[in-house]
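The two complexes that follow have subunit A in common; it is paired with subunit B in the first and with subunit C in the second.
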Partner chain A sequence: MLRVRRILESDHVAGWAFAFPAVFLIFLFGLVPVAWSALLSFQQTNLISPPKWIGLANYRALAHDPLFAQSVEHSLVYTALFVPLSVVGGLLTAVALNRNIRGIRFYRLAVFVPVVLSTIATAIMFLWLLDPNFGLVNFLLSKVGLGPYGFFDSINGALYTIVGMTVWGWIGFDVIVYLAALQGIPRTLIEAAEIDGARSWSMFRNITVPLLGPATLFLVVWSSINALQLFDEVYFLTKGGPGTATYVVVYYLYSLAFSQGIAGYAAAIAYVLLVAILALTLIQLWIGRRLVYYAS
Partner chain B sequence: MTTQILAQTGRPAREEEEREPSRFLFSPWHLVLIPIAVVMLIPMAWMLVTSLETLNETRHFPPVLLPHTLAPGNYAAVLQQAPFARWFVNTMIVTVATVAGNLLFCSLAGYAFARIKFFGREVVFILLLATLMIPFQVVMIPTFIIVKDLGLINTLNALIVPNLANAFGVFLLRQFFRTLPVELEEAARIDGASRLSVLFKIVLPLSGPVLATLAVITFLWTWNDFLWPLITIYSPNNMTLQLGLTTFQGTHQTATNLLMAANVMSMLPVLLLFFLAQRWFIRGIATSGLKG
Partner chain C sequence: MKRFGLAVAVIFALLAAACSSGGSGTGSTGANGQVNLVLWMGYTPPPPASQGVEYESLKGLIAKFTQLHPNIHIRMEYVDNDYALQKVTVALQGGEQPDISYQYGTNMPQVAQASELVNLTNIVKQPQYGWTDFGPGERDVATVNGKVLGIPALVDNLAVVYNKTLFAEHHLATPGPGWTWSQLAADAKAITDPSQKIFGLTFPADGSETTVWEYEAMLWEAGGHILTSDNTKAAFNAPAGVEALTWLRQMQQAHALYLDFHPDAGNSETLFNSGKLGMIITGPWDLSSFPNVHYGVQIMPSWAPGGSHQTISGPDNWVIFNNGPARVKASLEFLQFLTSPANLLQNSMATGDLPTKLSVVSMPGFADFNVKFPGAGVFAANLKNVEQARPQIAQYPRISAALGREVVEALLGQTSPQTALNSAAQQANSYLVVP
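What follows is the complex of A and B.
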């Protein structure tokens, strides 16, 4: 009896009792599916009839799938534009906002608010703002003799329009991270540079930017991961169109798995995405280790 | 250079002076900041204006920038024409349940990983962290199968149950609990308090800021989530706002004023929370990468 009580009161039982609900949920819905997905990627399955083992056939098929190649290309173009635009834009905006002038709280609020809006809510606003017939932007452009532009309806412009819209929605995130980092820069450093006669551009270039290195690395990694997972806006605004102009990897994956029921093939795409994201992150961290200066 | 930097330290008085806003001089930075603010605010302002226009005004070119008569009836019309109130309540239920689940389960697990030495702790913790590296799309298909096998598809539980705990939350709380002085907890244990009462009576009351951060992040994630509800919910009556809005847009493509009114209403809770709890939002965003 005493032994049973001792076991029940031991740290092992208490620890597991505390950790179990969260660990169980996270393993069941977050870890088991990782292995399961790997299995699916070697199968031919539509989630209803029994799966058939086909080895690497899904991966081999991916290599010759023109729509997958297009989706990868669009995802890469989107990422290559979105990441620098939002990070550099966020840096410049944060520097402009990092001063104590009248109305600064209002300016900051204006930049922060889009961060809390959902992708769908933002997309609805821009759909109307960029409407080809009655939209405000085409009206303003017509005032200077341009347009009308189709924006989301345009084969050549839809992907770039999505880039612009998502930069609008994300830039506040970069600004918040940069403002926190800027406020961590010791004033004494700025003052010393001023006394040395540094001009503001050279101060920005040689002091501010290097000291913001860790924040920049974080934002580049984080924005890239999210950019490669672009989905909501494409699903809602363009359905991959016009034609296949905005097919991106996750949209293709979704339409295969949940519209066409080709789950095994979709799982193979998910694994390619996972490897691509991990590889890109590691490369960025490796380059970052060489470039980023850590003050502490 | 280094000596110069050192020589400049220890002058807090001047720092204080410089923090005073220069109220009487017009700073040239306004010329930069006003255009930025305009670009950020125009999409929202234009949505708000359109939500108060009549249908004819929305179909006018050049666009009506200031409606002649305000039409707040659009908001009531949305509530009548779509199960909008239902979506709102559904989203609220899912969000509140998810936030509550995360606060409870992540606190329990975070405390165990921070303070209790149990068998397998290190391995399990590393596996938890590993799940943070996995993009959702990788687990999406099997998670869908699991939820389907549990019979939860097309119910609000499909949205709640898989998200009741989150590895990020466990990690966040564990890191914070480890910074608390352990002596207080040990003293309470010696006085005969159980681990549960130590957690609830000593640790959690000291953890207000980090719990607020977790609550706010979870609220935003859940309220704005789209892909998972898209996969698991198909009946209009069980939809969340984000999903409902897309079907509303499909059926009311031409009634832009109603669509904008619906959009404004769908944003109100997160905006309200943002204004009330700005500090926790900023902290949450800065510590976590909350969007997406």
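What follows is the complex of A and C.
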């Protein structure tokens, strides 16, 4: 009896008991769908009628699907632009905000506000601002003899407009992470460098940037995962268009599964994406382990 | 022990919160013959009052029905029509399907594959359903592979709504019922004024079904077809389809066409209501969005004088899911009640919705319809120009998406109309070989 009681009162049981609800929910809403969609990817199914087992046919079909190829290309272009722009932009903004000037709290807040705004609200705002015929941006550009630009409505510009909008929307997150990391840089190192006569650029390059390595690695990994899963903005703003200009992988699989009733094929795309993200993350972590300096 | 007790309490509280279903979606059959039905519909209660009329009308008819059938209770649950298919798909997975659900006509081939869907083929043959009184386009859309699976819930069609003031300012004759697309083009170009940002005509360019069905109406008028008659191959890339798309491209090149990339956001409606658009091709649901302009409505133009003025209709359906014989029987009784000519008339006069049954148009009470809802009478009369329906096959949504993408590419001048349609046809054919 005493033994049971001792086990029940041990820290392990209490710890797991506290963790259990979260673990259970992650299992239910995370792992079960992952396993289920693996099953779906080997089936021909619309989620309504009984599924048909077709083996690897969905995966084979991917190789001959031009729209999938375009979606992959757009996702890669988006990621290749979004990640460096938001991480480097976030770093520069954080350094600019890491000082004691009047109203610094206001500036920091202003940079962070877009992160907490709902995507739909910012999307509608950008639609109004960037409307080719009636938007404020084109109106102002026309005053200096530029434009009009199509922005979301132009085949060549829509994807880059989404890059710009999402960098604006997410840069605040990078800034907060970098600000926290900047506060953690020991003053002593900076002071020692100053005494040795280092210039500010040299200090930034040789002290600040290396010590921000762990934060940078985290942001690159996290931004890449998010960028490859771009969906909301495309869904709200362009529906993959004009034409196919902003078809990205997740939007394509969403439209297949939920508007066109081709869930098995969509699940196969989801799995390819999962594997791609996993591989990219592992590569990033592997490179990171070689480049990133951990202070402790 | 205290710590452990707390942890257990937290777990149960969270699990209870996570697992409670909220009770939505479940109707029931009581021992005393009481039947509780769940009805999914996309109408919202006021405010704003202007958008609540359909909700109020349906609610009133349900109350009237409950008075006649005290043992049947119907609970209305709001489901956005755009997501009704997804919601039903998920509900079917869990066996939580509603008794009656409002579904777009384009959803029917997919809904048709649910084994829980009630086949109405023999039921609607009974005279009290007045099946042949529904328009042919409506009956086609309620039917998949020869099986009747839905009862028409709403019917509409496309016609041209024009700004009378702009027409008068440019000394243009108001469109007559025999007008042609080249007349429309001339009118639109005359009205277009880049300095004032006024466009002659608007066209949806998001590549969605909104783009595609407007194009399809033009295709049909030109004598074309979406697919071959056996639904095995694309047919829209024939000369008729090219003619329609070329016309749109030329309008775009003349800057007379406002391409609306976000038709769901109501841009075109706002612009038309602000006097910035000469014409908009739309349905009766939009008329209440135009309080600020003096508008007229005319049926679709034909390509050649004396040619076809046919239009496209997007009928929506009520479908019934099997939740036991008592609930199916009650659901049928309700839909029969809801679609009786007298109740359809009451609904039309309250909401401005077109009646789904043709006989309603000639009922005495309908005479005031166009007075109460200016312009809606043209749409009601236009129902006779609905001669065909979009193919009711499971591949249609994917074909439509391909066609929509290519139409937009051609509109923006990325490819020629013929090349764009050929590319869409090639994609469509590849989808059609997969059952």
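Side notes on the structure shown:
In this section, the second predicted complex is superposed on the first by the 270 of 296 C-alpha atoms of A that agree within 3 Å, B and C clash if a C-alpha of one lies under 4 Å from a C-alpha of the other, contacts with A are read in each partner's own complex, and residues count from 1 in each chain.
Heads up, the rule we're going with is that a contact is a pair of C-beta atoms (placed from the backbone, for glycine too) under 8 Å apart; a residue touches a chain by one contact, two chains touch by 3 or more.
Remember, predicted model here, so these are calculated numbers, not experimental data.
Using the contact criterion defined above for the overlaid structures, shared-chain residue A:261 touches subunit C, although it does not reach subunit B. Once chain A of one complex is fitted onto chain A of the other, the partner contacts of A:244 are limited to subunit C, with no touch recorded for subunit B. Of the two partner chains, neither subunit B nor subunit C is touched by A:290. Touch criterion met: A:134 reaches subunit B and subunit C at once. By the touch criterion defined above, A:155 lies against subunit C but remains apart from subunit B after alignment on the C-alpha atoms of chain A.
Legend: residue contacts after superposition of the two complexes on their common chain; A:49 is shown touching subunit C, with no touch to subunit B.
Touch criterion met: A:25 reaches subunit B and subunit C at once. With both complexes placed on chain A, subunit A has more residues touched by B than by the other of subunit B and subunit C.
Of the two partner chains placed by the overlay, neither subunit B nor subunit C lies in contact with A:3.
Touching of subunit A by both subunit B and subunit C, each in its own complex, is seen for residues 13-14, 18, 21, 25, 28, 47, 124, 127, 131, 133-134, 258.
On subunit C, the positions that touch subunit A within their shared complex are 1, 3-4, 7-8, 10-11, 14-15, 18, 85-86, 89, 92-93, 110-111, 113-115, 197, 205-208, 258-259, 261-262, 265, 267, 394, 397-398, 401, 405-406, 408-409, 412, 414, 427, 434. Note for the complex: subunit B touches subunit A at residues 1, 4-5, 8-9, 11, 15, 18-23, 27, 29-30, 32-33, 36-37, 39-44, 46-47, 50, 58-63, 105-106, 108-109, 111-113, 116-119, 121, 124, 127-128, 130-131, 133-146, 161-167, 169-170, 195, 199, 220, 223-224, 226-227, 230-231, 242, 245-246, 249, 256, 259-260, 263, 266-267, 270-271, 273-274, 278, 281-282, 285-286, 289-292.
The touching residues of subunit A, counted against subunit B in their complex, run 11-16, 18-19, 21-23, 25-34, 36-37, 40, 47, 93, 96-97, 99-104, 106-107, 110-122, 124-129, 131, 133-136, 139, 168-170, 172-173, 176-177, 180, 187-189, 191-192, 195-196, 218, 222, 225-226, 228-229, 231-232, 235-236, 250, 253-254, 257-258, 263, 266-267, 270-271, 273-274, 277-278. Residues of subunit A touching subunit C in their complex: 5, 8-9, 13-14, 17-18, 20-21, 24-25, 28, 44, 46-50, 67, 124, 127, 131, 133-134, 152-155, 237-244, 255-256, 258-262.
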